[in-house]
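In what follows, chain A forms one complex with chain B and a second complex with chain C.
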Partner chain A sequence: MSGGTPFIVLVAILGGALRVSTPFMFVALGECLTEKSGRVNLGLEGTLVLGAMSAYAVSYHTGSPWLGVLAAGCAGSALGAMHGFICKLPRVNDVAIGIAMMLFGTGIAFFFGKAYIQPTAPRLGSIMLGDWTGNPQLATALQINPLMIVGILVAIAMWWAFANTRWGLIVRMSGDSAPSAMAMGVSVDLVRFLATTAGGFLAGVGGAFLSLYYPGSWNQGLSSGQGLMAVALVIFARWNPLRCVAAAFLFGATGAIGPALQSVGITQGYYFFNAAPYILTLFIMIASAGSSKAGRDVPGELSIIK
Partner chain B sequence: MTEASGFVEVASAETFRRDMSIRLRRSAEYICIPLLALTMSALLFSVFLLAIGKSPVEFFQLVARGGFGTAFSIQNTLQRAAPLILTGLAVAIPARIGLIMIGGEGALVLGGFASAAIAIPMIDHVPPIPTLLVMAIAGAATGALWVGLAGALRHYRGVNETISTLLLTYIGIAIMNFFVEGSLRDLTNPNKPSTKPIGDAYMIGKIPGTDVHWGLAIGIVLAIALQILMTRTTFGFAARVTGGNARAALAQGLPVGRLIVICTSIAGVCAGLAGFFEVAAIQGRANASLAAGYGFTGILVSFLARHNPIAIIFVAILFGGIVASGGLIQRRMDLPDATVLLLQGLTFVVLLVSETLYGRFEIFKVKTNGERT
Partner chain C sequence: MSIHMLSRRKFIRNTGALAASAGLMASTSEVAMAAGVTLGIVYVGPRDDFGWNQAHAVAAKALQSSGVKIIEEENVPETDACAKSMESMVNLDGAQIVLGTSFGYFSPFMVDLAKKYPKVEFRHAAPLWDASKHPMNLGSYFGYLNQAHYVDGVAAGLSTKSNKLGFVAAKPISSVLSNINSFLLGARKTNPNAIVQVIFTGDWSLPVREAEAVNALVDAGCDVITCHVDGPKVVIETAEKRGVKTCGHNASQAPLAPKGFITGAEYKWITIYKGYADKLAKGEKLPNMVAGGYDTDMVQNTPYGAGASDAARKAADAAIADLKAKKPIYVGPLKDNKGKIVIDKAYDNYDPYLDQMDYLLEGVVGSIT
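Presenting the complex of A and B:
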């Protein structure tokens, strides 16, 4: 073992970042798509939890974790579609609806999830990327899940589509200026409805990762604010899917500090390090809310930024 | 001369009657639509219960019995309504100034923790009444700081208050866990990490003749005081103007930043006091049980009451009853404990959908005949 304790901690943080970042990435990509169309979905925390529960339940009953991932996506789209539909009604506040959907999604998940806390469902496999190093710790750290690769591919596809396709243009225009989109004959409500539904699908898949890979079981404390942090992460990433991926890794690494230090016996301040991602999010929000770059990149119709 | 003054009298009587009619119609709308939303969500929940093969009749009977059926259950309900009034106010006051703040849970937990922590060195050295007073002040001040911080960040840095308050909730719970499992842990209690108990002699008493603690009385008094503050004072008027249109308020020269920080701090005081009462009247110590979800239910309470402090008292009692009957429902109907959470989430969604109904019903419409109202 070369390097001693600092090396072990760094490797553990790297491995943790790779493991923890995927749900952030999916939720952030979903939120990015929704916000690009000019609407905010604060309910993705509920979507994440419901996705985790449905993935676990379907995987348990069918024996196929990938069917679970699909089910999680469908459950997420259902919540997204509900959000999208309700926000279309006049005089309805999308931030308040988000809070309500957060409670509602968590409520459904906990209600039906009670039966699945005990049993063990088949989990997703992983890809060994680090076997060539010959270092067992690095090899463990570099175990990654296929969903992470899917997430990165989705991010690249979204980034390309926003810039180069007609659909991307329509979504961006609905987000930047609803009147001009309407003048083009685009139904802004429909675009936002579809973007929220698709965003819900991605967030649901992020939930599937939580219950089927890491931490890899279903319980009520599975997600504690990841869905919400991802919303802040999108602001930090300035609505760019590629930057969302990078930001997700940063968040994953921050979340991994506590467990990594614990693995080498440093337990002092464990709760402080547990809170590190929230504190980081808050600081990032303080820093990015006032920045002129964020002011330039923000979709014009978005209500969440002043 | 006499004719003219007679005309003025008739006109003012007419104006008065019209004003009353407008106010009545408006309040009728504000009461009827939330009631309709409540009925709708009860119906939807009944359909859901039928779909999973449970009896909705039994469910609502159990809510009625477990929440309001006996003298004991009514007192249990009021016991739970007390923190809900306070956390409801913690959402309502910022809402009046146009902010959606959902950090009541964090301010409750930290406020409760602060009051438990400050009591530790005072126990056995200082008599109970001053100790409780110091505890209440510590709880309220911590809450004010916590929520006021989110208000200040909102105004001075443009940080979205909904996200920041929820983040601060997670941070607040982590801070409490850090101390409760670390330096302030009561080592004589191996079961659950807690601070040292404040002891029976230092617990705040019950309202005489009842089994309900003083938090209910304080909650009701605060609700009435805040209703007066928001509707009958210059401060409340300025706050409501800011809530209606912040830019117009700035143009009028109103101190928007100060108004926001004061309103959010008031919200924090309410939530922090809820935490103080949970510690001083129920738990006797600070531990993870403080994060029981009162802060989140308070959001729904405030929205259902349309952010009206007086209405919050009644809605809080209703939801106190639903929360109180949760255990009975769980046992008798074999439903998971998340049933109440699901019902709350459903009610919240239906309630927000009902917002779209305002101004759509002919019966509530005020006939203006082209005149200024």
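Presenting the complex of A and C:
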């Protein structure tokens, strides 16, 4: 084959980053938006699974995977809206509701998803970015899905909007100081409700990527905790949408190390390499928590901080 | 009808206790002997997972057509929940035999139930039953799937151009290692230059990592992929997308890979289940331990797919005939991939020494730690 062993590993890591990162990216962006408004939604694992199921089911019935993506977003916003609505009620803890919503989301996804394990639905296509290289491995690694580009654009738009628009300011203010927002006449509850709904939409779309692109099938073990990891990535990315994208890529890339090393014959210690993403996350968090800026990035209204 | 039923019950009462206990199941050629039996079966996952659970569910469904009443429950976790479903199968549905198909159901749940309901038969799909410790109405059954993986290997050896075969495995336990080693020995039989490259994912169901493993293997030059994970769906589909050939595991994955599917290693649980039902209908004592492979019709290979060449089909058919004639797979001297001789002579396919496998043979690229 062309290229040496380090080349194969590097290509596999690059390919892994491009293939695996998108669901993390969407869930992290959704959670970033929700947390910026001052609320924590831990239920996004359930949203991701329900999104994956709805996307697969709708794609199967309509024959259009993009309608499936839309359906996943709608299912996700429904769960987000439910979370947002319940948390508006007095004396409700958003962390506890989030966990309940996670179980609820996976539960209904498994219930309705039963009929879709066997059938084959149309999947999303990919964009070939690497055909010019003339190297089959590199060309495969550089196959990307349009949703990944959408995710990056959403991140840039969010980052710009937080800093430069009135809407962004309102979301940030609701998240940093509810009394100030109320003094300005902003309905904090409404802002958080909308932010949670929109966050749910993004997480649902992340699920569509899982079932319609990579790994590209619906089954009950599909997510295996990715939604929960993505929520943690938001803290790691310190509530910055652009850093959420970077964190998702980093996570995808390190996740590919384990299989890639085994494929070239470096087979000792694969449990350690499979744990690489978590170890790396831990180290970066420890390193970044020490910086004096870290505290300022946290939205002041988050219930986990209060 | 009622007279017939009465006489059969009498027959059960009078002869049941005296019937012989040892040995494998009788031949399954008798048809529809099993009508009137109620069989309960509990699965740990969905019945249509293209894997382990589906293999059992296919057998249960086939048994239903021969008149056995089947009570099924899926997605039952390996907790108190499995004891509750089994107990309700006994009390509410009148199941005469309950099958637990997941490893963790056995102890304490099925052991306790067998003590509580001594007139009901309990059977569990892993070799855990021990005559000195466990009740006599409890037992184990399993199949030597490695024989079918050997046949996969024989076909795969003739299907590869790069001489590199990829194996996505969950955990390095003896049954998984035995499938990998048997796959290699099959491939070496038809292609002495073949090597098997293994990736361990670390758990039974990790779809994203399984897809990553397939991509990594294909990038490293493997052009036939097989696996031992709970639901091989993702592995087979990803390999098909990458344009390489595949061999299946547990149940038939042929519909998932219309272009590249060669054949697959499948259990044939129906042989065992039908044996149980027939014996119950006749009022005979069920054996406590049932295990076997090709020679007792307990494993099989998926019908050849488009990926199997004529030469591969012929070689695989010949390998199946060899296994039916009890020809050994492990013929020494064979070294493990660290250079130590681990197989010193020809071992019978059911030799207990092979059940303790904790090594990968020379020719397998991979490590169990």
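Rule of thumb we're sticking to: the second predicted complex is superposed on the first by the 270 of 306 C-alpha atoms of A that agree within 3 Å, B and C clash if a C-alpha of one lies under 4 Å from a C-alpha of the other, contacts with A are read in each partner's own complex, and residues count from 1 in each chain.
Criterion: a contact is a pair of C-beta atoms (placed from the backbone, for glycine too) under 8 Å apart; a residue touches a chain by one contact, two chains touch by 3 or more.
This is a predicted model, so every value here is computed, not measured.
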item: Partner chain in contact with A:Ala289 - chain B first, chain C second, else both or neither; value: first
item: Partner chain in contact with A:Asn274 - chain B first, chain C second, else both or neither; value: both
item: Contacts of A:Ala71 with chain B and chain C, given as first, second, both or neither; value: neither
item: Partner chain(s) touched by A:Lys114 [first = chain B, second = chain C, both, neither]; value: both
item: Partner chain in contact with A:Gly255 - chain B first, chain C second, else both or neither; value: second
item: First (chain B), second (chain C), both or neither touched by A:Met101; value: first
item: Partner chain in contact with A:Val231 - chain B first, chain C second, else both or neither; value: first
item: Footprint overlap on chain A, where chain B in one structure and chain C in the other make contact; value: 110, 114, 220, 224, 269, 271, 274
item: Residues of chain B defined as touching chain A within the complex; value: 100, 102, 153, 157-160, 162-164, 166-168, 170-171, 174-175, 177-178, 181-182, 296, 299-300, 303, 336-339, 341-346, 348-349, 351-353, 355-356, 358-359
item: Interfacial residue positions of chain A with respect to chain B in the complex; value: 42, 46, 82, 86, 89-93, 95-101, 103-108, 110-111, 113-114, 220, 224-225, 228-229, 231-232, 235, 269, 271-272, 274-275, 278-279, 281-282, 285-286, 289-290, 304-306
item: Residues of chain A defined as touching chain C within the complex; value: 1, 8, 11-12, 15-16, 19-20, 110, 114, 117-118, 120, 137, 140-141, 210, 214-217, 219-222, 224, 226, 255-256, 258-260, 262-265, 267-271, 274
item: Residues of chain C touching chain A in the complex; value: 45-46, 48-50, 75, 166, 197-202, 205-213, 215-222, 230-231, 233-234, 237-238, 241-242, 256, 365-367, 369
